[in-house]
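Note that the chains are named A, B, C and D in the order they appear, and that numbering of residues resets to 1 at the start of each chain.
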Amino acid sequence: MRVAISTGGGDCPGLNGVIRAAVLRGILEYGWEMVGITDGLEGLISGQGLVPLTVDDVRDIHGQGGTILGTTNRGNPFRYRVRDGGQWVEQDISGHVIHNARSAGIDAVIFVGGDGTQEIAWRLAGLGLQVVGVPKTIDNDLLATDYTFGFDSAVETVVEALDKLRTTARSHDRTMLLEVMGRHAGWIALHSGIAGGADVVVLPEIPYDPEVIHRHLQARRESGIAYNIVVVAEGAFSRSGSASILQQAGTGTVARLGGAGDELARQLSALGDYELRVTVLGHLQRGGTPSSTDRVLATRFGAAAVGLVANGQFGRMVCLRGDTIESVPMADVAGRQKHIGLDSQLLQTARSVGICLGDERVD
Amino acid sequence: MRVAISTGGGDCPGLNGVIRAAVLRGILEYGWEMVGITDGLEGLISGQGLVPLTVDDVRDIHGQGGTILGTTNRGNPFRYRVRDGGQWVEQDISGHVIHNARSAGIDAVIFVGGDGTQEIAWRLAGLGLQVVGVPKTIDNDLLATDYTFGFDSAVETVVEALDKLRTTARSHDRTMLLEVMGRHAGWIALHSGIAGGADVVVLPEIPYDPEVIHRHLQARRESGIAYNIVVVAEGAFSRSGSASILQQAGTGTVARLGGAGDELARQLSALGDYELRVTVLGHLQRGGTPSSTDRVLATRFGAAAVGLVANGQFGRMVCLRGDTIESVPMADVAGRQKHIGLDSQLLQTARSVGICLGDERVD
Amino acid sequence: MRVAISTGGGDCPGLNGVIRAAVLRGILEYGWEMVGITDGLEGLISGQGLVPLTVDDVRDIHGQGGTILGTTNRGNPFRYRVRDGGQWVEQDISGHVIHNARSAGIDAVIFVGGDGTQEIAWRLAGLGLQVVGVPKTIDNDLLATDYTFGFDSAVETVVEALDKLRTTARSHDRTMLLEVMGRHAGWIALHSGIAGGADVVVLPEIPYDPEVIHRHLQARRESGIAYNIVVVAEGAFSRSGSASILQQAGTGTVARLGGAGDELARQLSALGDYELRVTVLGHLQRGGTPSSTDRVLATRFGAAAVGLVANGQFGRMVCLRGDTIESVPMADVAGRQKHIGLDSQLLQTARSVGICLGDERVD
Amino acid sequence: MRVAISTGGGDCPGLNGVIRAAVLRGILEYGWEMVGITDGLEGLISGQGLVPLTVDDVRDIHGQGGTILGTTNRGNPFRYRVRDGGQWVEQDISGHVIHNARSAGIDAVIFVGGDGTQEIAWRLAGLGLQVVGVPKTIDNDLLATDYTFGFDSAVETVVEALDKLRTTARSHDRTMLLEVMGRHAGWIALHSGIAGGADVVVLPEIPYDPEVIHRHLQARRESGIAYNIVVVAEGAFSRSGSASILQQAGTGTVARLGGAGDELARQLSALGDYELRVTVLGHLQRGGTPSSTDRVLATRFGAAAVGLVANGQFGRMVCLRGDTIESVPMADVAGRQKHIGLDSQLLQTARSVGICLGDERVD
């Protein structure tokens, strides 16, 4: 049995833990030959990037960020971008991928990636490739699983940043805005805002009203506290109808003048006399050594993916439900995001300890 | 409404997060007066240790380890140790505690503590005190809740230690044994062993055979790897019938010559030629700033405890089930520990990636 | 004897260590009364911000970032901004400061701050105030001292960020640019670039040529390495004469379109096909718990400042020379920055291990 | 030119930084061929452990603890232990080492190690081998250099432990003793004690009197503070003449019943009613990712060692003086340790902020 592993999409702490666990279990328990596909599917498309993965190759990689296989955000084989004469065109090269996999004697592929990757895997399955999936999104916004690895590490990075900003905020009586990842869902912002003791958290799920935030901060000032910690998900936007500039920029119609953090800073500046500072964490949230929580989850996912292959449960993706690793059909994953419910317990908790979410509820 | 908070038993990262959340919600949402009882119940017993807890008092304490209220491992009011003439005797001073609570106008007490504390709280409830509970055990061995705060931070501390020991182990071809907390249950050892890429993990739940471990390490050496990482729960013991010296010492009959880590080191030394080093993490696992996971859980528990009081659900303890905070009767908690099931998924995962658990299963 | 402490300018890890050491030594060794001036000199200007500093007040603050006294970047009493009718005007209120200090019975003031603060202190000394100084600059660019506290912590924060960016850079074959503090001197950039294994470091001291950097990165790519780590001091600029937009913005004539990191990214984009990502660390470099190195230095500075007061050595500032705390006249400090010498050993070391500094030297 | 690198003695954060810098400079600046000797000198003795070191081999290793070459505490070729019949005997195999080095075409060897390693290197130089040295001791007790890499990382590890123990100490009113490295010199204990805000620090340089420490802690208790942080260097001993049991154990005459931390705990227990807890950090101090300070120093040392080879300055060891890398004759290093001077400024600082050093001076 020859089983391949591919990591696709943005990198994420824990990817190496998945690879390591899959390789160890595949070899030690089942005696399979394990191979890695480099750079998403590029290694398979070119036919040049299939690398053997032995026990030695994955030794001690569980603590390293990134992926030893490399990854890419490009390379959907159903819409593969190639140069045709002077311009880029999209081609369907999926048949080529299937062919290369067969030529290489690959019996199954473990796809580690987000909903885009899982959809590609699912369509390749339709062409006859035996696939299983491991979910990956640092934003934790996949509906099929309670948590994804990488999320805990990202929250930890954000909370460390909040701890640092807090000391400056206090010393200078400043309002520090920290923009964090979360284009469509505010899991990172909400978890890190609660853990980091934020005063305000704005999320993609709840359009915010700058006036509400301003009143909240004014009330703090009147009680004698002149510093504030504000966590802004990158996909947050105000309810004025002017969606975040960042999101508009995505449509190509508006020049990017800054992200959601900058926008809220401008709005607050217009309302009051704040000493504002915006910090954008950006890629720092994706890198570095994974937290222990993410390492355990990555190990469980990697080992479970091998279990799916061993049991012939192709077309399924591993997931976490409660404290148990289960699996779901890949088809259930595509295009279904997990948002923070407006009446969810975690949101209520945030409100109950005084965090302003920027909406009109009486906090 | 005047609501008191008490923290009892060994300290644990996240205690301050519970206190902060309870105080914030109690004041901001319900307008209660919140007070703290210092040093477990000592402050109430003496009548001298009731301190007001305002929003200012709990500001920015969520990132601090320990408890601002102090704690103690002594002080069960049903068996309170007092000096009578020349010797210590135990008295039941529970009536005195109830009296002091009434005199101080305390309407309810939130007890944050382990099964010992919860049992005391439950018995005080029987005497008429309105109580709710928040579970606390760094070992994560309370049956009533999926996870307890402090556990994640402890695992993180252990994994950081394993990462450090690994570089030395590799450079010197050594076998590093790390003894971690877990007298009755091996949750810390198992989670950190998986996260830290341990080669061997021994747990209180599975009596180990030194020969099995020796053979596992010899097989590694034969494959060219001469360094090993071994995680030893303090309550682990070998199946030879000679329970861990540490445990015997608990009976007062055997002088303490070392813990479970030392014992396994002696056993391995007798079997082969190892360069062994034992490290005992001890109290380092209890201290320091809580992880973001623990801060979120502590906040949820603290806020939920206030919810129980607000709803008059006395005699109940908050708990985590899946991703939801619920509550259980305190009576259900006492004396019921949560052990790692021998067929649990997590144990299987550990075996499947090649971790030796010291038993005779073919790994 | 009544001795006051003031912390001025931007905050910096280690300020609390200075305060703690000065208070402890002043009280324990000399029996003085120690007081803190809040928010730079604001507490003295208003007369409302003199707070007693006891041993209890400074207990365990050495590990906290920021300053318990607060600080401000405003408030030069020789050019104090006050509202006169509808507009802001500057007034010399130094006489008022001296008067308030005398009224409060203050015998000496320890000024902890950068060259601006030291100059103010020096001028107040000219009006009869007994002052001593403790240097503070996170940028390490004060000529009078080998190192300043806060610098090591800032470098550590940058290196942690570089470690995180590296894993992403490798996994995605990206060029990660990290903009760090250092408007006039590149100490943070150079130290963190060496420690973090950067491929390119650009500094205010060496105008860079984007072409040189491009050629360096192309050579890397030709040798098979497609990811790069670039550290950009915020004050770095290219030699084309177009000084960094950030610096121009300081004159108020150019709208800020981004910092030095964005500029270099634009320049590289124009030269080649890079997958570039810019991260700006900003205030994260100022906050958080100080490194052990900074805690030791802060303690030494604080204790030594008390020694200067005890010996009547007013008008002097403590400094580090080699491994010894010494002192210099405050007058020597003002306006004299410490830049990285173009032939300094550290620069040579950077070049010798292959770091491109953006100039035309054959690297 | 073919230049070899050897790392000997106990491991130490920064070793890989030295290797990386030497390899990069040797190849990039001088075009040499660089090779590594595995496991101290073992690779050269066996002739089987000479590994090429290319730019690729040292990529991104600067952040890893340990040494990619391996190390050993055994293997002095002048007293090499070999089996002769049934027992171990010592042989002088230095001629064999020289022969193997010549056969392998090695022009010079960079020895990274402590005074033992430097002495071996010096003696091999006497036999005709061209050698240069890089000092390594985590204890910072080499006379020839102001600081050694690894020391700062070790202190950082100790201070993080102290920060963790402090929260427990406060919450439980305990006296936490932390035993740290430093058999002959107390640099780690003194630096970490100052940085970590210890109340008592005991060092090998100052025999302590348990009564003095007891009185110091009693005075604290009388002022209302019932928790204490005590840092104990492993080589500390009381002045009663009963040298530390650990040291006696070194002579083989006394069974090891514990280290210096345990001894002080016993002594304090005999004097008063303390809630004592002893933690021994042990190997945790040697492992893990090096601090930025150590990474910079390691890079400078590695690059400078190549400079010595390039200039034909054999028989010399690089060192740090003030902020400059210099070199000294290896012969000056052997057997000359750097102790903390009893009137050193750093000791005075410790006393001046109230740290008890266990001697009779009025603190």
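One rule holds for everything that comes next: contacts are C-beta pairs under 8 Å (C-beta built on N, C-alpha and C of every residue); 3 or more make two chains touch, one makes a residue touch a chain.
These numbers were taken from a predicted model, which means no experiment stands behind them.
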Chains in simultaneous contact with chain B and chain D: none
Over-half contact-pair match to B-D, picked out of the listed pairs C-D, A-C or A-B: A-C
Chain located farthest away, centre of chain A as origin (C-alpha): D
Length of the line joining the C-alpha centres of chain A and chain C, rounded to whole Å: 35
Distance from the mean Cα position of chain C to that of chain B, given in whole angstrom: 42
Chain centre separation in whole Å, for chain B relative to chain A (CA means): 31
Shared interface positions of chain A, touching two or more other chains: 163, 166, 170
Arrangement of touching chains [line / ring / star / complete / other]: ring
Pairs of chains, among all present, that meet the touch criterion: A-B, A-C, B-D, C-D
Chain A to chain B touching residues, read off their complex: 20-21, 24-25, 28-29, 55, 59-60, 62-63, 146, 152, 155-156, 158-159, 163, 166, 170, 191-192, 194-197, 223, 225, 289, 291-293, 295-296, 299-300, 302-304, 306-307, 321-325, 345-346, 349, 352-354
Chain B to chain D touching residues, read off their complex: 10-11, 13, 15, 39, 64-67, 70-73, 157, 160-161, 163-168, 170-173, 176, 277, 279-280, 282-284, 286-288
